[in-house]
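Letters A, B, C, D, E and F mark the chains in the order given here, with residues in each chain numbered from 1 onward.
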């Protein structure tokens, strides 16, 4: 259930019977032909779909994350690591104050990894609260499904090209892009990266048939749901 | 137009003909019987409605703001001032890097006022970019309209009770609440504030007829649109 | 009573009978023909005058505040918002450690508003201490008095031209300046602002007769004193 | 000349002929029987007296410094080192923006030493501006004079007991206190330090005759003045 | 070559012919029966061995990293993420100032991952300098070698039990520990983690024969050396 | 005993009988003909030699300190004051968590003085733990010994030219350098400082006979050892 569809009194009731909550972590950044908000949209969608049958509330996604390497692509918003860590700390402080004791951060963007470190260090001063940082897109089953379709699938390829992220007026090529060279990419500055990446896809098919998409999404939702269920000890 | 409905290439095209952009600033916090996300929903909605005919892109709202006084109400998320200022700085740095030169922060929450200070100090080191911080809810025409309906209208009253923020399963009272005493409220700690505020409404009618709502919203959208148009010098 | 006129033993005695204290917040910045320290001088003076008959100690004013928009005027000192918030937090920590439980920040400069947010968030972790942030210059009675004399009075006009802030060798014009356009001013960078503002007065009479000044000051002192008296719950 | 006695236009004129400026650094903290503001008062007074014949402007003292070891004495205000460093950086940024190129920080409190480090690191990114951090009370000639009177003179002894810092209603003992043991003091926590220090004097005569005071002050003013004169290369 | 074996004049000469440099990143934390400084020792050793034939200078390792999950084991030192990011930024600023243009951070501890993010965001403001963050222990060839010996090898197992990290007076068991459950470990607080981990080994053989150790180390050194050689574009 | 020669179980045993620990503070910076790591090497060596007979564990030195004035000499790494203060705070938090109650920071570099302030302010929130900041090189007996050999000895002179810091391939001159003018040095920017300092020695004999070195070191080790022994109250 979305927090946006609840008021504080309803949440107060919920907290008398459960103490789990989900916050999706997004990013607004280049995703080739797809929406600039892919990571935000998918993190929120997978979280809501996973939480629905469990009745666990889901906060609106934090739209912005850490993505300096895409800074030269128009529209990209990148928070500095320090800023991001503080956002995570303040968020967790607030959730703990509300009475949540088991918190899942469903992350949609690789660059947001410092949130995992932030959550771990926050738990050191909040030993009574559990925080799980969870990358929905590279969890074992989801990743296995993606690779079974196309082992080179990556950023902005078909695995992120879903009904909620593609744009009516910006069709993706019916093609398969060769994977980028990560070793080279990692030492490029922002301008070099923009030139090197071209449209921004990191490799793999730009699109796959609807049934392939659906199967992947189904795995992702179920794997995320399992995380919400535990283990919590 | 929502940024979420654009890809980076489309935004690159836009930037060749215009350099304006909007970022809504929200808050997730108690709003009595209404959605916990009222300030986020309305800031984003008024921004999108205002920007639509001008073709100016609108980022997803930053959901969380500064709201320590509501900390005792479950669901409230409050960023510390330092954190919030950093988020604003990083956001503006990113937008300037993309090539935006005229940025409007459409704010939906009074506690987010430090973003105005953050924007002004940011302009000191970025003299070529203009940032306007804009509170849609207390702009002169909108405020006049609200007060003409009910001079005591405030937080969580009818002026925020709109089709996009009310909850099907949580009807608002058909009543008018007496205004709170702000002098007392401002020195209360979070626990005292929760007790004092009761349901959380700060005063005024909980609901008004649809035509009153619509008229208010119309004024707000037009006043916000005028801000996007200028002056910018 | 000024803290500067007390030693720690005297303050220790005071704390056995009262727990109120005042800290004035100033700014060193352009004030047209008047002293660069207007905001510091008046905040401290109104605080001392108000506190005198109540026997409440008053700290020396913090001279510097947040005023980036005046950065192009020589002499202006502006602290960044983050810095200022930290100063306020450290100050409040220190006062609470001394045993003060009711603290009034008497503020003389509009740009210092983030101190109000800082104080509120500080109270969240210090629920046993009350902090009131108080703008002496726009409190209701004082503002009403000022507007009754000249509705356009503003920064560096007669309302700040008092015996303690005017300079013997820099007489003010006997004139009334047209108000500035705030919408334009708020998106100007520092250099544009300096050019636009001319001498720096924001509008209104540069000077008024002594009896008008005195009457205004009397209202301000009494209104500030009332704040020191409460309510504190 | 005090900045408080100048307006921005006068300062603009000054900057066409000189680029030196002084900022006194104080502390509000226990000084035994003397004013809680000793370090602020003396730093500002010695700076103003030294600068007077040279026509160099002097800012109001920053009242608060770094003094955690006196935290248990009522009235003490201590900024954290990080806060203080930021204040110094922002101050220097502001002064450089005004056009000052030779800045003297006249410091009145030993605990403010991190300001020296802050100034040095600031110069690394501002190679065209010189900042001298100057402890007026332990400069060679002043210290020699103080020690010639009483080699054990220290915090809150006669060397700080001057017409501007003593309190009419709090006479100092006509006695000489044995010096404290610094090795022990440095590992005491705040509560232990308060108990150990008694009235707060660190050792030496509480008072000396007026001519001794005057002679010391004369040395201090002249030594400070020499610093303002250079060398600056 | 170790920086500790050079003076500034020798480094100045080096910089006229090459612009590469290495900084090892360590951690002081529990490593079961092995030295508390394993991560520091191995990062520095692999860096020095790799750099030797290339003549590239190697800084002393930063001993402390980010390791909050081991906080309950005596001896563990953990920097907060914010602190660590600042250390990395300051380090890179310093190296760039010296004239280095290709910098390798050879990391010995998984928790230090935020340094990778810090390096990437630093490159955004320093587009002329390349920084490669390199985990020597999970680079492809090294990891393949480790897994070929024992697929469950992990923290504090044989792969870190080398002549430079084992202690004469603390022999390791001749045994193979079952791997821990990472899902459970990641939501444990520090006290629970200490209890759960027992001696601290995460799984795998505690020791392997010298020739197995040597072969692994050889792979690691060569793979690290290859990184120093490029690609750098 | 070096922490690097202990595992966590051994340290846990130690903590049942003693609660003292040492952390050396170094700097990597120009030292004329000597190793760039002089301050790190000597702080660690004097700490280890002093602690040895007492059985007190010694952490690896923090290699980097605060040294902006040497920034123009290749190889120098300087942390900003804020960064350094955070490192010290995090370190002390970690040591306190391990159970250490008496901590000595053996400092080898004058620029690291803010660590003393950081330690003192840390004790304010950790009143049960004692931290002594100790400059081994200007402690009374050591300094007296150094000055008895050569009163002008300073940075990079014979007092730092020891078997562990000199380089086989970089012989020091057999000469005595005239002392620098500190007043001038302190207002120089980094480029001016590099030019002014020449080889980097601040004055005094570059080298002294082995027996002079040994005698000095003996005094330093014993004086440091006495500090470890107390007083601690």
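Throughout what follows, contacts are C-beta pairs under 8 Å (C-beta built on N, C-alpha and C of every residue); 3 or more make two chains touch, one makes a residue touch a chain.
Keep in mind the model is a prediction, meaning the values are calculated, not measured.
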| item | value |
| --- | --- |
| Neighbouring chains common to chain D and chain F, by label | none |
| Between chain B and chain F, the fewest steps along chains that touch one another | 3 |
| Whole-Å gap separating chain B and chain E, where each centre is the average of the chain's CA atoms | 46 |
| Length of the line joining the C-alpha centres of chain B and chain C, rounded to whole Å | 28 |
| Multi-partner residues of chain B (each touching 2 or more other chains) | 71, 78, 80, 82, 86 |
| Touch-based graph of the chains, sorted into line, ring, star, complete or other | ring |
| Order of the ring members, counted from chain A so that chain B is second | A, B, C, D, F, E |
| Complex contact set, residues of chain C against chain D | 3-12, 15, 28, 30-37, 40-41, 59-64, 71-80, 82-83, 86-87, 89-91, 94-95, 97-99, 167, 169-170, 199-200 |
| Touching residues (chain side chain A, partner chain E) in the complex | 66, 68-69, 71, 78, 80-82, 85-86, 111, 113-114, 117-118, 120-121, 123-124, 127-128, 130-133, 181, 183-184, 186-192, 231-233 |
